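Next up: some structures, all given as structure tokens.
In the two complexes below, subunit A is the common chain; its partner is subunit B in one and subunit C in the other.
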Partner chain A sequence: MNGIIELKGVSKTFRDFWLRPTVKAVDGLDLTVNEGEIFGLLGPNGSGKSTTIKMILGLLRPGEGEVRLFGLPPSDPAARKRLGFLPELSYLHPFLTARETLLYHAGLCGLDTKTARSRANELLEMTELVHAADRQVGGFSKGMARRVALASSIIGKPGLLILDEPTSGLDPVSTDEVKTLVKTLAKGGMTILMTSHLLGDAQDVCDRFMILNKGRSVAEGRVDAIGSSLQEYFLSKIGERRDFKVAPFLAQ
Partner chain B sequence: MKSFLAIVLLELRRLWRSRSILVLLAACVGWMLAMPHLVKSDGTVEGARQIYVHFSLGGAFALTCIALASSGASVLSREREMRTLSLALTRPVKRFTLVFARIAALVASGAAVLAVCALVLFFNERDAGPCAHVLHPEMESLAEEAKRMYDYYMADPETPPEIKKAKKSVVMRILRQGALDHYQSIGTNDTAVWRFDSSALAPGAPLAVRLRFTNDFDMREDVRGDFSFGPWRGAISNITQAIVRVPLHHEEGGNPAAGAKPKDELVFTNNGATSLMLRPRKDIVLLAGADSFGSNLFRAWLELVSMLASLVAFAVFLGSGLGRSVAVFTCVAFMFVAVVSGDVIEQYPDQFETDRVDRIGLAITRAVEFASRPVNSLRPLSALSSGECVEKEEAALVVAMDAVLIPVVFAFLAAFILSRKED
Partner chain C sequence: MKGFKAIFTATLLEIACDPLALLITLSALALSTFAGALHYHQFGEPSRMAREAGVSALLIPGLAFAVFSSIRAIRREMESGTVQMALAHSVSRAGFLFAKMTGVLAAFSIFFATVWANSLVAVKGSELGALAANGDIARVWGPSLALGVAAIAVPPVLGAILNRFASLRFVRTATFLALFISLAGVFYKFDSALALRQLGLSLAVFPPVIFFIALAGAAAVRLKGNSASALSFAVMALALPVLGAHYLPDALENGGSVPLGYLSLSFAAALPLAAAAFLAGVGLFCERDLT
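Now for the complex of A and B:
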């Protein structure tokens, strides 16, 4: 196996200030993402998707196991050379304009000024932000901010793109556009790892998937091999729906 | 390099758009312009100048330090709170660059503010004469003198036993301090001789002696005496000020420096009616004319910017590990203790301090004083204000140490802490 991302027996336990364990967010996870595929990391809230992604990025250190990114440890800047990341919340500098945000990230990727400028213009056009390009992103709506963050994640034309809930906060039209974008990027040779709660969309986009529950992998495979809808498959793996018990709360 | 510039630009934009750099600039320039109207001097032109030069640029420097140190302490901690740091850490950028670029941006803005202040000062003092090199008399080193005194006291049966029992390092520290203050007395019609190494003096440079006698004020009128330094002559009589500057004149006119041999002796003959007291290590220096006020102001600016760089680097380092408010508080507290530490140490010598809490407090103060020594000297300001040179070698050393070495070390430490911290 030599995937672009490789996790072997990875676990992560969060601890409080006194180093007492609070939660085991990821538990003995093996995961391989191969070149050129779109991989969907799925699972209910709190199942450890974002934690897994942060370990792949080197933002968190696994308690056990080993993470390899392009065959290197994630702490190596060389491993991050061909990496784009969209976090689950768009972390932006509120005092920068949309264009400056893109140029900042282009600079961090080491692009020269000319390339950076032309790519920023293309991406602003692509994300329909041209009219707002020179406004500070602190005043942007959630969806607009999301689009700036998405654009800055791909400004370096990465070989590997990691998207944590790319469509959260986007309207249905933009969601559809992001789906098309992801597919187009993959056709161009980009490897993509994404999480999503919209299983219909994940089914349309992803080649392979893994379902996490409580930090463990409960299912893994090719999307076209499951036969049913991903939604049904997901529910069958995660278990019964648990309705919120609202009646006692209202009765008080 | 591209990523370095991107981060520098980011920080400059932050400073500019949050208006903090503008507020700082306005405050500093306002202070520089208001100072001449606020100064109450001792009535002399020199005194007024001295106070103006020292406190105008000194005040602006203090404001800049406080503003940029607190900015520096919050820059990384804020990025961590906002998680923009995590995003930057997924880019192919070294952590050292992430830290060092921020220090560079803050220092560059501080340097710009101080440059404007220095220009204001230069404009106000544009008719100031050239500065002077300061030569101290060549004497036994402080350590040598302290050692000699130590051996003497230890052998002396009169020495109180508690001093004989005290730690050698403590006694030596007190003796070194004492050596600085050793008085020399010059009786009526006596002569005193101090050796000065004049080999480095530029030919033709004007010479003067600056001295201070520790006699009572009303007895100073009786002070009278002659100086000779090789072929140079000078005289004093009827002192009205605490510190006097005695210009020396060359006997033969002509090429003045030609006659000054290396290791010349400055001879003073007391012709007055009273004997005189002075501390040779503190109270008498030879002044030799050097380059213009402007070039010395430039070197003073370089030194101040370098000290600022060390302080900002320290603040950024604190912010890499601590939360924002804790980092800012620690940094400001450190600055405060550093500023007062000199006086505290001088006023509370620790040898007879028996109270445990006092001893601990003194130990901390000493540690802060020691740690802040490279950046806690207003020497360039006091030099400028009294017309002394900011020496080139000294400025180069301060730049190398404070603007390069210390920031690089702190940036490495901060980068290491960032690599240990998790999201």
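Now for the complex of A and C:
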């Protein structure tokens, strides 16, 4: 094992209160993310992308297999020292202002007060939130909250950035800005693992990808080597389309 | 250490913005102010009613404050997902839980300072009222009652006006205004001996509070808010007779002061229990999947 993130034969089954298995979210997954690349974990809803990410972060324990983050088990806080994380939903404390939120995350990254303040100011400018810096984030729009969460995830200048659906809920302009930001961060040497079901975004940004379906890997490779659009490739691999039979409903 | 400080500070701010915590604080202030003003029941000793009301206001609403704040501080992190953001950094689960619980204890200290200061004003007013009555039925000492009422009524009104009725900021301002107004009342006819005696008496509240913060926090790691509250209050119902048997009579029989040995013994008994509850919480938290 020598990638920044390594999963070997990882499975995860969720259980109910009585420990009866309810759903197998990830099934025998092998995955390696190397330093400096932008890796896209793609798949339809419920394919196991977020579960995989949470196992990498140490938030979920795998039922079988082994997860390594910087060569350490993710439950070891030292493994998460150089990590930034943007979850699918912007989990923010509503009672903190945008500036306090950034300082809170700077504190969690172990930054000293002076560095924390200066980086918070830079990121507020970068995300165009200076005017709202001292407003509580509980009153922010979804897009503004997303920008605060994104800024929080990079305030520690992490070596590895994990983005779960980073463009979720953003307008096209903000989506484009996030994609540019991801590419710029990767050029600066940051390794990025992102999940998405927006294949156009993934094609624009990622170097390598893995497609998950029903918890299993169904395809893996370089984006520039697939020879078609990622959308077509994805549908050929997933091999199923949902066809909502709406006409009979409308006819009634 | 910086991670601890960040979580600790956020927890303190979170409780300062919690309307339930403010409501419990204002109720405790009302109990210590108005029960202390009842001069017809002094139990044969000037200011005894005020003293007893002050300690009761710290103990009963104080335990409610500790249990609800501990549970809400942890459940909100779990239910809103902010715990995932915190644990994605190099923060251990034990460290996270410890920082949350010490944040709750710090918030309780604000509650303690507010209610202690207010009860001191009530006790002082009761003594002054007894002196002024000169052996007759004691009368209510006006300035002390006015200070107590100001600590209850002014913070919510002024907090709301200052923040233009914005809910979270209003609660935070009102919480700190209640603290400042109550503390300011201490300096009215300041009596250092009385203040020290009342402080020693009130400090006996901390051992059970520390234990219940740890117990409620540990329960909240695994149980939903209502179940964790039910468990904590069930344990409290079992423990209250023990607390009642030792603590108020002890304090009152000693002329309103608690011997240092008694305080040390209470802390020595409560801290291992709190540590056991905390370790149980860490064990449950480490086993838990955060979906």
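Operating definition for what follows: the second predicted complex is superposed on the first by the 245 of 252 C-alpha atoms of A that agree within 3 Å, B and C clash if a C-alpha of one lies under 4 Å from a C-alpha of the other, contacts with A are read in each partner's own complex, and residues count from 1 in each chain.
Keep in mind that, in the parts below, a contact is a pair of C-beta atoms (placed from the backbone, for glycine too) under 8 Å apart; a residue touches a chain by one contact, two chains touch by 3 or more.
As the structure is a computational prediction, the values presented were derived from the model and not from experiment.
> Report clash or fit for the pair subunit B and subunit C bound to subunit A in the combined superposed model.
Subunit B/subunit C on subunit A - steric clash.
> So in the superposed three-chain picture, is A:A219 touching just subunit B, just subunit C, both, or none of them (first/second/both/neither)?
neither
> State whether A:L57 touches subunit B only (first), subunit C only (second), both chains, or neither.
both
> Using the touch definition from the top, say if A:F95 reaches subunit B (first), subunit C (second), both or neither.
both
> According to the stated criteria, A:G110 is in contact with first (subunit B), second (subunit C), both, or neither; which is it?
The answer is both, since A:G110 touches subunit B and subunit C.
> Looking only at contacts as defined up top, I'd like to know whether subunit B or subunit C touches more of subunit A.
If we count touched residues of subunit A for both partners, the winner is C.
> After superposition on chain A, which segment of subunit B among 23-31, 239-247 or 275-283 overlaps with subunit C?
23-31
> Once the two structures are fitted together, what part of subunit A is touched by subunit B and by subunit C alike?
54, 57-61, 75, 77-78, 80-81, 83, 85, 87, 89, 91-93, 95-96, 100, 103-112, 136
> Write out the stretch or stretches of subunit A touching subunit C in their complex.
Touching subunit C: residues 14, 54, 57-61, 75, 77-81, 83-85, 87, 89, 91-96, 100, 103-112, 136, 138, 149, 152, 156, 162 of subunit A.
> Hey, which residues of subunit C end up touching subunit A in the complex?
Going through subunit C, the ones touching subunit A are 2-3, 5-7, 9-10, 13-14, 17, 80-82, 84-92, 95, 168-169, 172, 286, 289-291.
> Going by the contact rule at the top, pick out the subunit A residues touching subunit B in the complex.
Those in contact with subunit B are residues 54, 57-61, 75, 77-78, 80-81, 83, 85, 87, 89, 91-93, 95-96, 100, 103-112, 136.
> Can you check the complex and tell me which residues of subunit B touch subunit A?
2-3, 5-7, 9-10, 13-14, 17-18, 82-84, 86-94, 419, 422-423
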